[in-house]
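Structures incoming, each one as C-alpha cells.
The two complexes that follow have subunit A in common; it is paired with subunit B in the first and with subunit C in the second.
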Partner chain A sequence: MSQEKTESTENNQITLKVVDPQGGETVFRIRKTTKFTKLFKVYCERKGYQIGSIKFTFDGILIDEDQTPDELDMEDEDIIEAHLRQVGGF
Partner chain B sequence: MKNLTKSQNGLRETNYLKISKKRQNFLFNKISKIQKTQKNFKVDSKQTTRKKRDRIKRNDLMRFQEYFSNISLPDQITIITQRKQRNMRKRKNKLKDKIHPITKTKKTKKKQRTTKKKDHVINLIQELTKSQIPTLKNKEFPKKSPKANEIEFIGEKTIKKNKATNIKDTKFLHEDQMKGHQESQIPKQTTPKNNTKIIDLTHSEDKGADKDKGKDKDNQTEKETIQTNKKKIKKTLFKEGFKVNEIAKQTQPLSTDCKKKGKQTQEKNQKMEKSTNIETKLKKSKKKNEIQNTTILCYPPKGMRNRKMDVVRINKFDLESLNPNEMISDSIINFYLKYLELKIIKSAKIQFFNSFLYSKLDDLLIDQEKMQRYTNKLQLKKKDFWILPINQSHHWFTLIICYPFDTKRSAILLFDSLSRHKKHFVINKIQKFIKLQAKISREEEFEPLKTICCKVPKQNNGSDCGLFLLKYIKKFFSNLPSEQEFLKKKFQFNSEDWFNPNNIKKKRKKLQLLINNLSSSKVEK
Partner chain C sequence: MDGSFALSRLKQERKEWRKTHPYGFVARPTKNENQILDYFEWDCIVPGKKGTLWAGGKFKMKLYFPEDYPASPPKARFVPPLFHVNCYPSGTVCLSILSDGWKPGINLKQIMLGIQNWFDDPNPESPAQRPALELFLKDRGEYDQKIREQTAQNL
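Right, the complex of A and B next:
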C-alpha cells in the first residue's frame, strides 16, 4: 500500500537539503505546493532555535515563509542555507 | 657424604620454606642493614631516610598484593559470608601487626595508607563492574517479555500485592520488564537522529505529533537505563560478595521500610511542583517568543515579488531594534535596501546584495558551480554598481563596487562609520570574487580594483552604525559623484552637503513610521 502511495505522489515531492551555519545538513522531503512554514518550523524545533531568529536563503536570495518551492522553481536536491540573525551596532 | 649434604640441604630448605617470603625479605633487610652499619660506622642521614622510604614502599606493595589476591578471585569470596569476611579482616590486621610492628607506632601514616587503599579498591571494583555489565545484559535480559504491556499497566498493583514478600525483588522485576517493553517498542518507531535520514513533511500533521512522543520516550528510556545500570552494578557486587560503603552511598540503598516510601512520595511531589514551575516558565518564554515572532511586515508584497528578489519579513523583535540605543538587526537593513531599490532609486543598473552573501563568500570562492548558481540569475555584467552590506563582529559597514569591469572608472569604495576594524581580509575576498566574475563573464582585460576608504561622517556612540550604513547608500545615489571624480579616483564625501551625524537619531523614528505605514496600508488593501 505504502509503495503505491509514494509512486502516485512522487511527481509532487522534492527533497531539500538545509545547511546549518556550522555546516551540518538535514534533508527534508516536501511537496512542491506546501509553504515553507512547515519546513522552517520543524527545522527550528529540531535544532532548538527560535523560529524568527533564523533566516533562510536559496542561491543567495532570502526566502519567506509564505513562498512555496514551486514559486522559486526549486528542483530535487536543491540546497537551502540557514543563517543566524545578524545584529550590529559598533 | 653426598647423602649427608643432600639431607642438610633439604633440612635447610624446609626451614627456609617455613618462613614466609615477606618475613624473609624483612629479615634480609635487617641483616643487611646491620652488616652495613658494622662495616661503615659513619652513615649519612640522607641515605638512611632513603632506605626507610624504600622499605616502606616495598611493604606497601606487599600489602597491596595481599589485598588484591582476594579480590581478583571472586569464586572464593562468593562462599564466604559476611561474618567470615569480618573474621578474615581481623586476622589480617593481626598478621599485619605481627609483620610490621613499626607501622603501629605511626598512626598518621597508617591512616593515609588506608585511605589510599580504599581509593584503589574502589577503582578496581568499578573497572571490574564495567567489564562485567555487558555480559550480564545479554544473559539476564535476552528476550523481550511477551506480556510486557499488561505488566506495565498493572505494575503498581502488583507491587501492592507483594508488599508482604520482598519489595526489592518485585521492583527489580517490574523495572526489568518495563525496560524490555520499551526496548521492544523503540526499533519500531525509527526516530531520525542522524542528519542523513530524510524527514518527511508530505504526510498529515498527526504524524509529526507522534514523532515528538517518540522523542519523549527516548528520554525516559535513557533515564531508566541509567537507573537499571546502577542497580545491576549493585547486583554484581552482591554476587561477588563485595560490600563497599562508598559505592553503596552512591547508588542509594533500596527502601524496605514504609517510612522511606513516604519520604519518596514526598520527594516525588516536590519534583512535580518543580516541574510545574518549569512548565509555567517555559510557557511564559514561549509567549515571549510568540510576541517577538509576530510579523509586522512582509516586503515586497505578493504583487511585486520576483524570483530573483529577496523577501524580507520584519518581526516585532526587528522593530524593537529601532528603539534608541539598540543594535540594528539584519532584516531592517535588508528591508530598507529593498525599499530603496524598488521605490527611491529606480535605475536598473544597481545590484543590491544581501547581508548574508558575505558570510557565504568563502564557500563561493572554492565552489564554482555554486557561484554560477548564485550569480547567473542576476546578470551582474550589465550592472554598474554592486552594493555589499557586511556584518562583521557585530559591526555594519558597506562596500560599493563601482564599474567593476571598466578599467578606467573601476573602484571599491569602503564606507565605515568606525575606522576600527582591519579590512584587508574583506577586500582580498572581494577582489577574488570580482576576478572570478570576470572569468565567468569572459572579460579579457581585468585589473584588480583600487580600494578607497572614504572619509565620511562618523558615529559617536555604539549603536548607530546600521543607520549610518543606510544613510551612506541613500546619499551616495541621491548625488552621485561626477565622471571626473571616478576617472581621477578621488572622492570628497565629508563636505557639508552630506548629512549631519547628530541628526541620525531621527532616522530611527522615520524608519519605524515607514514600516508601520506600509503594514497598515497592506491591511487596508
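Right, the complex of A and C next:
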C-alpha cells in the first residue's frame, strides 16, 4: 500500500534543470501541475536576481508563469534556460 | 526503406537533446497542422559563439532528415539564407560533416556545435555563394563588417 502511494506521488513530480548562460545548473523537483510562478520566484531568490529580471525558456519558447510542466509536456530532467531580460530577444 | 529505423533514432536524439542541449541552442521537431510531431523536419536556433563576430546572434535554421538517416546526413538550411562563404543561396550549409565527412555516429549536439563553429570558419576553397566569396577575397575587413551587421539583425 505504502509503496503504491509513493509511486503515485513520484509520478506526479518532475525534475527540471534551470541552466544559466554561464553553464550553472539548478535542479528543481516540483509537481507537474504546479504553476511556474513558484519555481521562478525561488530561482531568483536563490540567485539574487530581482523577480521579473529573468526570462525562462523551454525549447526556445518563453514560459509563462501561469503555465505548468504538464501543459508544456515536460519530461524528467528537461532543461529550462534562464535569460537576463536585457540580453534577450525571444 | 520506410524510415522506421530513422524515426527511432530521431526520437532518441530528441530525448537526449532535451536533457543535455547546450545553452542557447534550440532543436525541436516541427508539428503538422494536426499537432503531430514531424521528426524529419526540425526548427532550430544556432547562437553565435562568444568572442566571434557572430556573438549575440540567434540564427534560425531548419534540419531536414532523410528517410535513410543515419546512413545519410541531415540537410541544414538557414532561413533566411546567411551571408557566409559556405552558405548556398538557398540557405543550405556546406559543411564536411554534413556531406562526405558524415558518420552515422555523429549526434545532434555535434551537428549543432559543428554548425556554430562553421559560422566563424569560412573556407574560400569550397565556396557556396558568389557575393560572400567575392567580398571575402577582395576585402576581409568589409566581409567582417557585413557579418557584424548580419549578427545585429539577428539578435
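Rule of thumb we're sticking to: the second predicted complex is superposed on the first by the 78 of 90 C-alpha atoms of A that agree within 3 Å, B and C clash if a C-alpha of one lies under 4 Å from a C-alpha of the other, contacts with A are read in each partner's own complex, and residues count from 1 in each chain.
Simple rule for what comes next: contacts are C-beta pairs under 8 Å (C-beta built on N, C-alpha and C of every residue); 3 or more make two chains touch, one makes a residue touch a chain.
Predicted, not measured: the structure shown is a model, and the values here were computed from it.
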Fit or clash - subunit C, subunit B, common subunit A: clash
Comparison of subunit B and subunit C by subunit A residues contacted: B
First (subunit B), second (subunit C), both or neither touched by A:Ile30: first
First, second, both or neither for A:Gly60, with subunit B first and subunit C second: both
First, second, both or neither for A:Glu77, with subunit B first and subunit C second: second
Which superposed partner A:Val42 touches (first subunit B, second subunit C, both, neither): first
Against subunit C, colliding segment of subunit B, chosen among 243-251, 423-431 or 477-485: 423-431
Contacts on subunit A seen with subunit B and repeated with subunit C across the two complexes: 21, 59-60, 81, 89
Residue numbers on subunit B that touch subunit A, as the complex places them: 195-202, 208, 289, 292-293, 298, 302, 307-313, 315, 317, 321, 326-331, 334, 353-357, 359-360, 373-375, 377, 391, 394-396, 418, 459, 461-466
Parts of subunit A lying in touch with subunit C, wherever the complex brings them together: 17, 19-21, 23, 59-60, 75, 77-79, 81, 89
Complex contacts: residues of subunit A adjacent to subunit B: 9, 12-13, 15, 21, 24-31, 34, 38-39, 42, 46, 50-53, 55, 57, 59-67, 71-73, 81, 83, 85-90
Contact footprint of subunit A on subunit C as seen in their complex: 15, 18-21, 23-24, 26, 28, 45, 58, 155
